[in-house]
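Below, chain A partners chain B and then partners chain C, in two separate complexes.
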Partner chain A sequence: MPLSTQLEAGEEQYVLIASLDNARNLSNILKAIQFKDHATFLATSNGIKVTVEDSKCLQANAFIQAEIFQEFSIQEDSVMFRVNLAVLLDCLTIFGGSAVPGVTTALKMCYNGYGYPLTLFLEEGGVVTVCKIKTQEPEETLDFDFCSTNVINKVILQSDSLREAFSELDMTSEVLQITMSPDKPYFRLSTFGNSGSAHCDYPKDSDMMEVFQCTQTQTNRYKMSLLKPSTKALSLSCKVSIRTDNRGFLSLQYMVRNDDGQICFIEYFCCPDEEVGEQEQ
Partner chain B sequence: MRCVVATSNVKVLGKALSPLCEFLTLGLGCFLFTPSSSSIMTRGSPGDLEDSGFRCKMGMKSVQTVFKSLSSLDKTVEKCEIDLNPGGNRLVFQLHCKYGITKTHNLSFQESESLQPVFQKDGYGNVLRAQPRLLADTVVHFPPSLEEVNVTVSRERVQFRNHLEDEQDASRMMLTEMSLDADEFESFRVREETGITFCLKELRVRDPAAQSSDIKLQLQCNSSPVYCPPQADTSHDDFLSDDMDSYMIAMETSCGRAEAQPCSTGSDQRREREPVTAACSTRSDHRREREPPVSAACSTGSRQQRGWRRGEEEEELPGTPPQKRFRSLFLVPSSPLLPGSQSGASNQEVLAEASDSDRRNRKRKQQRN
Partner chain C sequence: MRFRAKMIDIGCFNHFTRVVNTISKLTKTCTLRLTTDKLYFILSDKVANGGVSMWCELSQGNFFDEFQLEGVSTEHNEIYMDLAAENLSRALKTAHNAKSLKIKLTNKHCPCITVAVELPSLSRVSRVVTHDIPVGVIPRKLWNDFKEPSVPDFDVSIYLPPLKTMKNVVERMKNLSNFLVLEANLNGEMNLKIETDLVSVTTHFKDLGNPSWGDNGSQDSTQDRDPETMMDVKVDIRKLLQFLAGQQVNPSKVICNIVNKRIVHFILLHEDVSLQYFIPAHE
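Now for the complex of A and B:
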């Protein structure tokens, strides 16, 4: 639907209004899941969930709770729409991406429901910009049916240690293999690249390991191309929880502290790679 | 076979690999670790490695993956172990890092022939000595893509010129010529006018290594391989190392058969060293506290191990890595330039025989020309 045919709305008619004194509290989180152009927004009284999916095998969700916003009002039970994430981020950072100390971009995000564009009022240093971004039909997001009752293995690591391991991953490997076990090697990341295999082992009693709850030895492989985008979320986060369930589905949950010290979460779900390859010792 | 590299040397090992990596992006690097290097401790008797005859070639990119984050190596890595896996088909690099984290790399390799240049240090008629800065300032004027350079040594000057293949038209090429007068050198002894052509890239590899240390450049050439032993500043005797350790660089020679001669071993006296093989260990400035480089020896022979002279008491500490100095680089000329000088494949003595793949590549190159 071209923009000009989308309806104009007055303030009192907005279905969703969300305001932030610092737009970076939203833009930074969204950048961490920006591996595809489009994202689905779901707003409820709890806050906003932004979902990005890839190949029906990977899903990333960013949760920004209502408490993060300086103003948050929603007139319906749930509001859902699809936007071009790249365009949204360009608008949120319209005054420049770099952080100048003491200067923030204020944001007021408004949406009037189906058929209306997403309106952004952005202000910095007295300059106001209004952006209207076309919205699209929301697509049904995947339900990975990942529930805590099916979780077999869980570890929580401090992001610092995992960050280096992820940045050094052999990208010539098609898969990232994750081994979790109550016995050695406890928690292992493996790659199988052109020059050979590489393993990174974290002992269960490592200072970096905050929680270690592994009940069964599980080894699963995930496509490297799917997991590589999660490195962005890892670099923002202070802690990460890694869980696998009885089907080998992977859940990565990142705890992110924003500029004001508030906590947000980013979650990645990934299906295991179906192809069975030979495991190197 | 197993080698353990101590913390302080891990970063240096990674750094020392970097110039080689640049140099050998299309090829393979050749490393030989011997138990005689005291900065690399081995499990098993010193004779094991030599007896087992283990030599291998690995893709540079593979080795680079082990030492990816150079800047954080010394902060995170506590120990590096290098071992052959039980199957004997993988070289295992294991980095023991902080917080109990272990990173293991199982890298594939190829068996390789040994390359051991054999030569006599005193056979050179032309000996030139200068600060490494002089060489750096000279090569920087040549385009980075330039393969080979002609060097003409006369009694008054040394001239560097980019080398043109026969089929290249000089009028269509950018020609660069640099002359260095005799008085720019600290020592300039030319017995006979000589012209040689060799690979500029190899010279560039050596330069960062020399630049990072205080050693001077010495060029010795006839028309046989150019020999570049470093000249240590003898006023700082305390920090001289007697180790003969050095990396080996796989090099191409022009032709012929190498004589099967053992490497000459150096005496262990301080000022008279006879480095035998190409070395590429970088060496930190002895005036500053930095890690000594890790290097590997490629010749047998008796040599005394001297600890790093931080203090008398530390000399005796086992496993304390000694300082290593940049030893020497062999640059093999692809052709002698001046008439009257030794020409023709049959006259030129081959010091380091090429490996099979090098010979095949050369043959292909010759067939194309």
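Now for the complex of A and C:
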């Protein structure tokens, strides 16, 4: 329904109120999962989870716990809505995109439930901006059914080294192949592009490798185009965990420190490329 | 017709360059009018500009050490010409550490403004960089198209908020909508508003101050009005952003005059340069 027919609400009726002294603590994280136009917000007493999906093969989730917010109140068990993420980000950064030292934008985000727009109050330097963003029917988000009990292989790396490896990946390759094994090559990223195949290996005792728990040799391929957006999350993060389960599904978890040093998480799930997926027992 | 002028002060080069850069960001081509006292950069409100018009006036004495003008006739001792401000801007780029800058009207295949920049060099002979900027001389009979605009019979006059803040907000709003409503009242309050099917955004500025215009006719009619009443104009965002983003001269105050639903008029005064910019309401 057009914005004008979405309802107006008074403050007492808000089902969700979330406030931040620094709106960048929300906008920076959202930018890292902005590879599609729309995002689904799910708020519970734990905080907010924002989900973006692509072609039923890729899902990115950003978790902002309730403790990150200066004020967080929710009147229902769970509140879910869908918004245009590009519009939301333009509103969150209405006073300008670049960070000026010492200057922050304060944010109060309010939602009154189904049929109401998402209302943002933003303030910087005494100037107030009010945004009302139309919300859409929330769509069911995919359940990748990824659980720790099915995890076969897991590594945790410092993001610096993975950033370097990702920036040097041959983008003419349609797939990124990930090999994880208790034996050599331990952890290997491979591409097969116009210049031929390229491999990047991480030994299990490397300084960059914080955790190495590989039980079986697995080689899986993932569409490069699906993984490319994850580099934004990688560039924000300090650590990344890479896990594969018995189906070859990939989970990438990024630990991100915000402007105030608080920790948030971003998680990407990706299905293996159907054409070639081997698991060697 | 003859025109030659010389500038030797570095502060003047820089100031003049900033003014020309501002003009070049506001419009591709404009009319340069030369009189014995002043230079004018003019954009008249033809449909091609989307009705936007501009009038910028500088006193030549504040910039040039030598200034000689022989206009089209003794009775009309002025010269009007079309030029691409960007060309002048580019020529002035080389002037930031110049020893002198000479500007003159020449005829090389076609009428040109020739800019000669004398640069410092190690040898006794200076290096001179010359730019020939083609211009179109405007005949006397068309001069009426470029008359100075009068200050409109405005409904509200208000000082703009800091241009940088306003520019940042309008830049973001441009991603969301093609049009913006600018409204203000006599209580020093201004709002910038956009509304589309997807989103509505309103930015509120307060305590901006309203300039007093003394015994101006418009002022009388506003005395009876409730100072809280907002007067507004709906404009094309890109035109507003072009004005805000182009400012290289940092004015202390910018005045904004609004004729309700018709036109918005900006006046910048900085030292000896005045710039006026008009944006009509979108139909």
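Definition applied: the second predicted complex is superposed on the first by the 276 of 281 C-alpha atoms of A that agree within 3 Å, B and C clash if a C-alpha of one lies under 4 Å from a C-alpha of the other, contacts with A are read in each partner's own complex, and residues count from 1 in each chain.
Here, a residue touches a chain if its C-beta (ideal position, glycine included) is under 8 Å from a C-beta of that chain, and two chains touch if they have at least 3 such contacts.
What you see is a predicted model, and the numbers here were worked out from it, not measured in a lab.
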Superposed partners chain B and chain C on chain A - clash or fit: fit
Contacts of A:126 with chain B and chain C, given as first, second, both or neither: second
Partner chain in contact with A:199 - chain B first, chain C second, else both or neither: first
Partner chain(s) touched by A:72 [first = chain B, second = chain C, both, neither]: neither
Partner chain(s) touched by A:269 [first = chain B, second = chain C, both, neither]: neither
Chain B versus chain C as contact partner of A:63, first or second or both or neither: neither
Which superposed partner A:134 touches (first chain B, second chain C, both, neither): second
After the two structures are overlaid on chain A, angle v-u-w for chain B, chain A, chain C in degrees (C-alpha centres, nearest 10): 70
First, second, both or neither for A:90, with chain B first and chain C second: second
Least C-alpha distance (whole Å) that remains between chain C and chain B when both complexes are overlaid: 15
Where chain A meets both chain C and chain B, residue numbers: none
Residue numbers on chain C that touch chain A, as the complex places them: 161, 165, 168-169, 171-173, 175-176, 195-206
Chain A - residues contacting chain B, complex: 161, 164-165, 167-168, 170, 193-203, 205-208, 280
Complex contact set, residues of chain B against chain A: 58-59, 61-62, 65, 68-69, 72, 76, 90, 99-108
Complex contact set, residues of chain A against chain C: 2-3, 84, 86-87, 90-91, 93-96, 125-134
